[in-house]
Each structure stands twice: as C-alpha cells, then as structure tokens.
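Each structure below appears as structure tokens.
After this come two complexes, each holding chain A, first together with chain B and then together with chain C.
The block that comes next holds the complex of A and B.
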C-alpha cells in the first residue's frame, strides 16, 4: 500500500489546562472516506484544524501527502492541497459565488482568471448550482451556500477534503442535497475526512468510522463493525442516543 | 444687521473654507492609512508591537487636540533645532492625533469580521496578508464606513483649533473680517451656517451608508 494522504501520529494539544487532543492517531488512504463522530467538545473540529495547520499542536505530528505539518515551511501550499468545508459555510459575503471560488486559485495558485473561472464553472456544475454563479451568498439557500463552499474547496483540486459538520447548520430538507454531493464525491474517489452526526451517511459512504470523546479516539473500526459490534461502552451509549433520535 | 459685509467678503471667506477643507482632506488622506497600520499592529500577536500601538492610541486619545498641536508647533522645532513651517506642523499634528481615532474605528471593524472568515481564507492557501486584503478589510470597511465618515466630520470641525496659531482657515478668516468690519454677528452666523451645511451633508451620507449596511 502506498503512503496515506493524511497521517496523524500521536497528536496532543492542550489549551492551558484543557486537553483538547490526547494522543490521536489515524491515517486516511487515497480514495478512503472516514467519518468522525462524537459529542461536542470531543476535539473533532480541532483535529481537522490541526491537519491543515490552522491549529498548533504540542505533541506528535501530521503528514499531508508526506509533508510534515509541524516542520512545514510553506503552509499556504500545504493548505491548498487540503480542501476544507465549514459548519457555517464561511463564504465571503462581499463577493459573488464565482468570485468566492476563483479567489484562491487566482491569488494562491496563480491561475489566470479564465482558467479559474473555467474550473469554477466545472465544479459549480458538479454540485448542481451553476445558475447561481453571479449571485452573492446571501441570496442563496443554506444548502446552496454549502454546495458553493464545497465547490470553492474543490476548485483548488485538493488531494483530500475535510468536512467539519457540513450539515449541522442546515434545515432538514437541505441536508439531503449536501449529503448527495458528498456521496457523489466519495464515490468519485475523493479522499475524505468527515466530521458529522449523519449516521445514515456514515453507514452508506464511509469506509471507517471513528468515535471521539474528550480528545481521545475511543473507537476506530471499519464501518460494518462499528455499527454492528462497537467495542467500547461509551460508543454504544452514544450510538443509542444518536440513533434513537433519528 | 448688514449682510452687505458678507457679500463683499465672500471670496475671502471661501478661501478660508478652502483651506479648512484642504487641511481636512490632507489629514484624512494620511491619518486613515496610518490608522489602518496601527489597528493591524494592535491586533498583532507580537506583544511589543501591539503594546506600542495600544500605547500610541491611548496617549493620543487622552490628550486634547490643541495640546498635540502645541507639541508639534512649539516643541518639535525646539527639539529638532530646525524651523518647521506652520502648515507642516499643523498637518503633522492632525495626522498623528486623528490616526489614533481612525485606528480604533478600523480595529473594531476588523474584529467585526470574525476569526472564522480568516480561517476560511487561510485554509484555502491564501497568506495572512492576502486574507486581510481580500477577505477581511473589504468587509471591515463596509462595516465601519458610517463611523469613518462621522470621524471625518470631527476632523473638519477640529480644523478650527488652528485658529490659536493664526492659520487663516475659515474661522480665523471670519474672525479677522469681523474685527476689521465690526460685524461679528453677521460673520459668526454665516460661518455657523457654512459649518452646518458641510457637516450636515456629510452626516446624511453617513446615514445613507448605515442604512445600506443594515
């Protein structure tokens, strides 16, 4: 097997006395989709931020496509190799959808406007909102905004995509359209690390599922095993709660 | 009342107004960029830099404009041992003084944009400077435009302070005409009217942007 796209090894992070991440290790291989779930404050989002160098950790290291985050001399370059999608979309409200998508390809990657716009339309088409390109984000529905944010991340042609609770801020009827796009991406072979509580999505799309609690990985198993025979008591408890809710 | 005196001296008053406006515009043109730099400095993680910028803002905002003007007018030539011309020292004092106020407006504007937008910019591979320039500042400027315009009005009104060192802006011009013609009422009424027109129009513009932002 070739080296994993993302490798997290023994990462530890504390804010003063609060331990946010405690000895976390995982690997995401090319084409894999791994789902991370867990209660809020368990360190899921912090872990994603460590992977693209937005958060500094004190212990361990992360490698993205063989490049160490800790020793990285060119973080912008490393970051544009990893697409990130946020809970609250974080589209830039003063720009059109098209400008949102072309900004980083032009400024960070040095593409021409023409190249960047071609790329933008390609990915807008892929997420199904090519007709919204000239609008400002405020005019779009939540689901459309999140799809635009996914297109923005894809336009950098990243090696992997990180999703930080991409559907948590959405109305129920808009969750499906975003999950549909994500499923399509996973089936297209995109390497994905997804923080979500959408267990239906995990069951159907994920290769492996990770359960985190209080900064630690409590359970990490192939998807079937995770749902059929979770080993840790804490995982069973969490799954019961979350599945009963559905 | 003899309004003839106003008509006769209108060109003189207008040249006074021109000087007031000129002083205002030049001060704003330099103190806004300086304010931006100080605001970004205040938000820096480097302690010495944010400390220095905070100190600058606090010292300047805790002193009256007229004192800052005296500093530049009397003390700077004394310290440097060189003769500085009136207008230069006036403009320097205004730039430094109002930069402190603009810095505070810009700082709160930047902080209104929020850390998550910065994370979004950085995560897409933009540098911190690019994130500031393309994502944070455009939004911040929109948010702070009403406060910026209001502050510009304050600068314009502040130009009357230079009366004390005899620079012939609008108020000083009017005062000398009043003295010469012994028509203080007519002149001070007229001057008040001119200040009102300029400041009130500017505040209407500020309101327009306030509505636009909401």
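The block that comes next holds the complex of A and C.
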C-alpha cells in the first residue's frame, strides 16, 4: 500500500498543565474521508491545526505526504499542500471573493494573475457561486461564504483538505449546500479530514469515523461499525446524546 | 478699533513671494513627514503585536520614547544633540546639507507622529479576528505576506477616521518647525509682521492656509473612507451589528 497522505504519530500537546492532545495517532490515505467528532474541548480542532503546522506540538510527529511537520524547513509550502476550511470562514472582508481566492496562488505559489483567476473561476464553478466572484464576502450568505472559503482552499490544488466544523456557524438551510459541496469533493476523490457533528454526513460520506474525548482518540472505526457497534462506553453515550435529539 | 486694513499688501512683493514659498514649505514638510510617519508607524505597530518578545520590546521602547517627549523638545534634540552623538563623518556630511533645519524638522515630526500612529495601528491590528491570520498562513502565505496583504490593509481601513485626525495634527505641528529655523507659513507671517507691522493681515493668511487645507483633507479622507469601506462589514453612519 502506498504511504498515507497524512500520518499522525503519537502526537502530544499541552498548554501549561492542560493536556490538549494525548498520544494521538491516525492515518488518512489518498482518497479517504475521515470524520472526527467529539465534545468541545476534546482537541479536534487543535489536532487539525497541528497537521498544517499552525500549532506546535511537544511530542510525536505528523507527516504530510511524507514531509515531517516538526522538521519542516518550508512550512508555507507544506501548508499549500493542505487546504483548510474554518468554522467562521475567515474570508478577508476587504477583498472580493475573486481576490480572496487568487491571493495565495499569486503571492505564495507564483502564478500569474490570469492563471490564478482561471483557477479561481474553475473552483467557484465547482462550488456553485461563479456569479458571486466580484462581490465582497460581507454581501454573501453564510453558506455562500463558506463555499467561497472552500474554493479558496481548493485553488491551491492541495493534496488533502482539513475541515474545522465547517457548518457549525451556519443556519440549517445553508448547512445542506455546504455539505453538498463537501460530499461532491469526497466523491471526486479528495482526501479529507473533517471535524463535524453532522452525523448524517459522516454516515453517508465518511470511510472512517474517529471519536475524541479529552485529547484522546477513544474510538476509531470504519463508518458502519462506528454507528452500529461502537465499542467504547463514552462513544455510545455521545452518540445517544447527539442522535436522539428530543 | 482704529486700524486700517491693507489686504493689498499681501499681493505685493516681496510678501507675496514669501507667502507662496511658506505655504509650499508647509505642504511638502507635512506630506513628507506624514508619509515617513505612516511607514514607520505601520512597522512599529506590527512589531508591537508580534509573538516575539524582543520585537515587542523594541516597539514599546520606540513608542514610549517618541510620544512622551514634547515635540518641541524633540526638535531641539534632533537639531543640537543627535548630530553630536553620531560619527564624525556623518555629522560633517549632515551639517553641509542645504537645508539642515528642514530635514531635522521632517525627521522630528515624523518620528513623533509615527509613535502616535503605531498605537492607533496596534489597536486596529488587535481588533482583527485572529482567524484571519491563521487563514492566511494556512494558504501558504508567509507571516510577512499575511501582514502585508491581509492584516495591515484591513486594519488601515478600520482606522481611516483616526488617520484623518492624525494627519491634521501633523499638518498643524509643522508650525513648530519655525522654532528651529524652518521658514514655513507661520514663520513667514511673523516675518511679514516684522517687516510691515501688519500682524492681522499676516496671521489671517496663516490661519486661512491651515483651515482651507484641513477642510480639503477632511473632504478627501471622507471620500477615501467611502471608497475603502468594507462592504457588509462597516457601513457609514450605521453601527456594526
């Protein structure tokens, strides 16, 4: 088997005395979609930030496409290879959607404006908001903003995508349009690591599901097994809580 | 009041020529000082919010030195004290420049202003959601690029109104340059008064110059504010929701 796109090995991270990540290991193979869920403060987002070097960890290491994050001399290059989508979109409000998307391809990757704009339109089309290219993010709905943010990440043509609760800040109606785009990506063969509480999405799209609690991976199983026969008591408790919304 | 006005005096030589020269000196002194102050202010403002303790300390020291000494004292320091502390060759070169008081005033005013600007810029930078920085980094931009293309342009748009008043302050502070021998518009009016004993006419020219220019600046800056407002984020005359 070829090497995984993302490999996390025994990563440990503490903020002073608070243990954010405790001996976390996982691997995402090419084309795989893995969903991470768990209560807030369980280290899901921190883990994603460790993968593209936005957070420094004290123990273990992460490899992205064979490159060690700990020993990485060129973090910007490594980060270009991993798209990231945030809970609050984090589009740059003073630029148009098109400028948001073309900034990094031009400044970090060295593409010409023309090349970058072609790429941008290609991905805007893919997420279905080509007609919003010249608008500023503040003029878009939440769902459109998140789709623009996805296009921004895709325009760097990354090897993998990290999603950090991409639908948690959205109205129910808009969640669907973002999940639709993500499902389309996964089916198109994109390697994805998704932190989300959308269990419907996990069930339908994910290959594997990880449950985290207090900085540890409590359960890591293929998607069917995860929902039908969760092994850990803590996982069952969590699933019961979020699936039986009374 | 028994005083016969003689406004025509202002159009006569040599006074008219003096006035033109004085107004021009004020203008380019203010503009040059402003541009330098803005560049320095942005750099120092960014230093004050970086993660590096050393850089933050440098920024803080700079700000506290230059904003806590009265401008007029700073001008004297730049003119009399600093050149003596510099290497011999440099002070020779410096003293042989054509317009030492002018350059001294420009440096003094811009350093003083940059410290004030750095504080404004620092507070604007801190108002920007930290997620913006992470987003920039995550797309492979370097830290410097994130500041250059994302954070600083965003911050500057937030503080355009504050920049307007800072520019007006710089403009009026150029009057202090007369204390170290720069013949800008205020110095010119004093000279006209000394030559003609026509103080009212002379000082009217100075006052009108300042008022007319500041009004133009205010109009320009409010245009700039509209031009660069961030759509959907900050609207004129409307509270941010």
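Criterion: the second predicted complex is superposed on the first by the 245 of 246 C-alpha atoms of A that agree within 3 Å, B and C clash if a C-alpha of one lies under 4 Å from a C-alpha of the other, contacts with A are read in each partner's own complex, and residues count from 1 in each chain.
In this section, contacts are C-beta pairs under 8 Å (C-beta built on N, C-alpha and C of every residue); 3 or more make two chains touch, one makes a residue touch a chain.
None of these values were measured; they are calculated from a predicted model.
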Clash or fit (per the criteria above) of chain B with chain C on chain A: clash
Chain touching more of chain A, residue-wise (chain B, chain C): C
Chain B versus chain C as contact partner of A:139, first or second or both or neither: second
Partner chain in contact with A:76 - chain B first, chain C second, else both or neither: both
Partner chain in contact with A:86 - chain B first, chain C second, else both or neither: both
First (chain B), second (chain C), both or neither touched by A:103: both
Touched partner set for A:191, first chain B, second chain C, both or neither: neither
Touching both chain C and chain B, counted on chain A across the two superposed complexes: 49, 52, 54, 76-77, 79-80, 82, 84, 86, 88, 90, 92-94, 103-104, 107-109, 152-153, 156
In the complex, chain A residues that touch chain B: 49, 52, 54, 76-77, 79-80, 82, 84, 86, 88, 90, 92-94, 103-104, 107-109, 152-153, 156
In the complex with chain A, residue positions of chain C that touch it: 129, 131-132, 134-142, 145, 149-150, 153-154, 157, 228, 230-233
Residue ranges of chain B in contact with chain A within the complex: 116-117, 119-120, 122-127, 130, 134-135, 138-139, 142
Interface residues, chain A side, partner chain C - complex: 49, 52, 54, 76-77, 79-80, 82-84, 86, 88, 90-94, 103-104, 107-109, 135-140, 149, 152-153, 156
